[in-house]
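Attaching a single structure in structure tokens format; questions to follow.
A, B, C and D label the chains in the order they appear, each numbered from 1.
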């Protein structure tokens, strides 16, 4: 991480015996999770704002349980579980690993307390780093892929720590501050443009090249794309305000049927976290507290339904996940991720080509989260990681201001149900050429 | 319709003045709806078994309102609505046509009674046939496409009349009979086989050739398929019983996550309409009443989740909608449709190639119901017909024993949410080659 | 019934052999039920507007099943059930008589149809009248009390036939007419007055004197009343409109806590069946269709919560059931019951003393439906008739415009949950002296 | 409090300036609340186990807000609110005091944290004690009654702190311990007996004698009681186990209709906190953790429905609240209250007369919570304290092992909905003589 990061350099914690690359990377990722929790009180860390969001403490424990279960218990004969009851509490959704705490009741687990969970983390970290230090090549050979999976898994939960606590804190009528805003240059609104793509026969998905990817990105395969255009930056709050002024949430003609039903059932009037302040002004709750909506900023915290309705109103459409992947292939994976700790999308400055390809806000695509041709889940427990969710969800691409650095790539597929709004989810328009 | 049909020849009702092809076809389709309602009492026709199912009477009136609204009121200046209040009662989901009776309360509409609804049908039929007879080419030119849409629309509701009343009658503890079973030869179970397909670059969707199709089948486009196999017939009840005996509804490892949640939330133990009779025997409720499950028959009334779980258990998968379409392209559209009035899937006899390509039971595909590349909905009200449902649903292909003859084609896309079970929905296995 | 009745004289149907008093009374009561159903189509009679309301057809069958079960099957050795499956369909809530059709699904029972249910009635009537004719004193001795219970039971269902179909028809956007309004003199609004009662030691409940009463009216017992006043007539719609104009449904200070929660959860703005027509005018749906609210009429179709809130606003309170009973004791049981077939509360004319003591609208009392000291339910199945409902309900007194003539008495206790509004339920104010 | 108490002597905290009786009592009550919270972590104190239960922290803040609002803001001109936003967060149900945090979301309030809430308590305590010290007789005259109400209010919340945290901790699969069990003599089961009462004209309710009582205990009034018997001790777990062994939860004949519905809807198999351990053994979760059910102990954590069903099975009934009050009138208010910190009902030893009249477990009475004749709520905000809950609830009498010492009296009326089980609620049988 660059020195501009708010986050500590974790390798200070790294014992000499464990200064392998894997150990260093392990410690860096694990440390970041704890740094994300640091601004939160014990009470905050136990907060579950809704069934889909988990307490910070649960994330800290679950990611630890993942390493303990998938690496230590599976591959280290001498290892004994820290507390055999944790398998019940901190299993997320692995049916093959037995019964577990009902998801909507994760916030009810006040014991073990946060101190105990941090001790659990230390215990597992110590055991795993000792294995890396002592186990040599033999251990790394069998465990490195699982450790790498565990680290990517923990990075996903780092993003969720932020989106989940944001949801929880937003329920507090006093608009608490997770972390004060860093002074950042405020970008101006830049007029949107279009970038053309010729389409044709294209390869998507991650090739087998030794680098980590999830099973849902494979197998790499060829497909046909028609010529298309993508907007050269993300849609902004100002553009969405124009949609709202034109009757967005009152005009069914722009909406998918399920989307219109969601608007009415939930009485949606604006993106999540927006609040009318009178005189037609809107405020927005951020991880820095509440402030006025900035029209130049990328829109986020919208559902797929809102993204699709906006696109219909704008006489455009959402890109497919493949159009997006083909467009960004070859670009460096760089953007407003978690690292600079801005924790909110930022206005794009001017520039050529496709800007904001990564970071700021995930873009909803027009692609259902279906398996790729020839897709096979991983064998064993980790086969439950992705495949069993491949129905009823939509693909998002590109990462956000809450995605840990080093976590994304062009073939990366995120996915959420179409009504989900608590992720940093925005949109980029597309059109047929 | 062939003379073996149970249904009357509707052209006996056709006045001389209206003996055009269009008029004859109109009358044939309209007549069939009423024949489907004929075995039902006034009470039966008002029955709404669940929010997703509509009363027979509502189907009879809604299809009539569709013609009245889309053809007569839109294109016949002198036409006056039969009852202006019917627009509220019998609009299904057209937001552009105003407020309407809440869907879950369609069964509360005891007035107008069934006699009045039949009078409404006669009124609209008379007006429309007079337009065809008197309006000449000019009328046909502007209205023929809408009438054709209305006829296909009514055919879809014919299938729903049967699936909806089946659901409603099944709630009656006395297992009422819609129509006694016709004596039909009972097929034997035939061992399954596989048919290979080479894949490659393939065209799907309906070409622009003047024949009717829905907007969701367009535009025809090219795509790449990998080599694959399809089972040579539909999966049978006997095969599914083997899955059940192996713990189907108790073993999460076969299920998509949402599917397993549906199993538990709804306490599913078997396909819809099956009931345990002790000693491991199962009965099934049919439109002929309740009888023993026939192992040789195609399985139906399963959700997408059950189809996918069965495929996982069978070490296979579901076909994509494009694999299915490519496989049947060129086959005649023939099968156990509504016409022979068997009203239940029938065992396939032996034979070469892909059997039961059409009819018997819709097959769930592994394809989400997404728009085709370049898809544009029809302009105006009828644009709400398909496009706005393109999220959260899965594609089914091939038609069923309740599909009206002449309604299907290779490019035809049916769609339902993954938990739906009250359609005649079954499955055909696929595998990678 | 007097000749002014709309209802036929049932003794025309009475065979010579059955001209006992009991037979004549049986036939009169049974006939009235069918006359109440006569204006309704088969579809109407199958309508269940909400889980608490039952279809007309179900009432017709259930009351018949009651006689069949409690009298014929229990006391006539040779009697065979008309259809043994009816016990499942038409048992209401008798746990001791086995499983039954779930209450919310009574409207799903389209078969047996209404013709079959009428045949069932005829069958049971024939059998029971034959027993009365042939069984002589011996039969009457053992069965007369149960027949009397069955007749009172059927009378209760006569009132429910009307309140339930009213609820169902009101769901129809076209405001159907159950029966056209009879020309009746419209009363003027008369200013309210108060009648004083001294209280003191008082007896309530029905004495053991051979006349029929329900078990919940017993044992007669003594209690102490403080001096009190009752309003000399029922509260009118005009008075309630003044409450509404003063913010009734927007001011929590008048409401019980559960009542205010009900106002908000159900978005109550007015009594049930009232609809704003603009300009501050209100219409009301009646069994004669929809018409303007008449300020002089007694208010009805309000919940206990609304009754109590109105009383609080009027600086008064609701009477206890014992204050009401003590006040009407000795008055003749006369009023606007079902018999004149007005089917709606009528304005009280001027007059001395307590007017509208019976009929027009039930009055909500401030008494929870608790057992009387020394209360013992009847033995056997009929013990489930009243006792098991003695929690969570409030007592209503006095009968309504839908109560059959001859059914009421001073000690009669009706009871409904506090949120119920679909009965003809109104109020009469009380105050401490 | 006696020296055997676990709780500290609060007057150590009492400044010299405030050594009035009122100040001492204020400090004693306030201190006890904090001592009850002391064994709980910050996370525990934020836990809301269900909508009806509130977090410990909320109780600590709400009782403070009550003093601040009802005493300081109402009667001390110079007082400024500690934080004006707390009125929203910590108002419970006072409509006259404005909008408030939705009850089911009290557990979402992680900020202010527990330290801040304790500072809030200190601030209000300081201000109030200063008023008592400085304000002299004039202040006491106007405020003493409200302070006394506030202290009784806080005592009620002390009981709720325990019952609510018990509910929350019980959701934790690890059966956490609130406080280790004190060694207490375990009583033996003593055979039950009956005590006779002659009834007759009796006075109930609290007389106007200067001692504190709630408005719902007034006015004292006379009523007539028939002769009756009460069991000489509370019903025990062993007796209830016999009921369970005889089919309690499977036999509808013992249950009120709503009770049987609750059994089925909630799948009740035993009292709350009981768990089957195999071999027919049951364990129970207590504030000391989980242990075996002790047959000699008083039964608690049952609903009114279970109490009434048990009584029906035992061929007895529940007492009315007046039978109970008449029976204990004149007895000293002594029993197993909160003070000895046993925190669970204890077996009664042998002895004459009515044992366990107070403490151990509240007894459900057969009396609905109706207003007394002539009842008038207090004027102003505190009028919302009791009166508005007088519908749909049942009266409980006698206090429990979680009731603070000094809080109870013979006329004290507690009330809960009939399905509530999380209070220490048990039963005592009654019979007609």
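Quick notes on this one:
FYI, a residue touches a chain if its C-beta (ideal position, glycine included) is under 8 Å from a C-beta of that chain, and two chains touch if they have at least 3 such contacts.
Small disclaimer: the values here were computed from a predicted structure and weren't measured.
Ranked by separation of Cα centres from subunit A, the top chain is C. Looking at which positions face the partner, subunit B and subunit C present mostly the same ones, since more than half of the interface numbers are shared.
Centre to centre, using the average C-alpha position, subunit B and subunit C are separated by 46 Å. A separation of 60 Å divides the Cα centre of subunit B from that of subunit D.
Subunit C and subunit D, compared by their mean Cα positions, are separated by 39 Å. On subunit B, the positions that touch subunit C within their shared complex are 41-47, 49, 85, 88-89, 101, 105, 107-111, 113-114, 168-169, 171-174, 176. Interface residues of subunit B, counted against subunit A in their complex, comprise 93, 95-96, 201, 221-226, 252-253, 255-260, 304-305, 308, 320, 366-371, 373-374, 388-392, 394, 418, 432.
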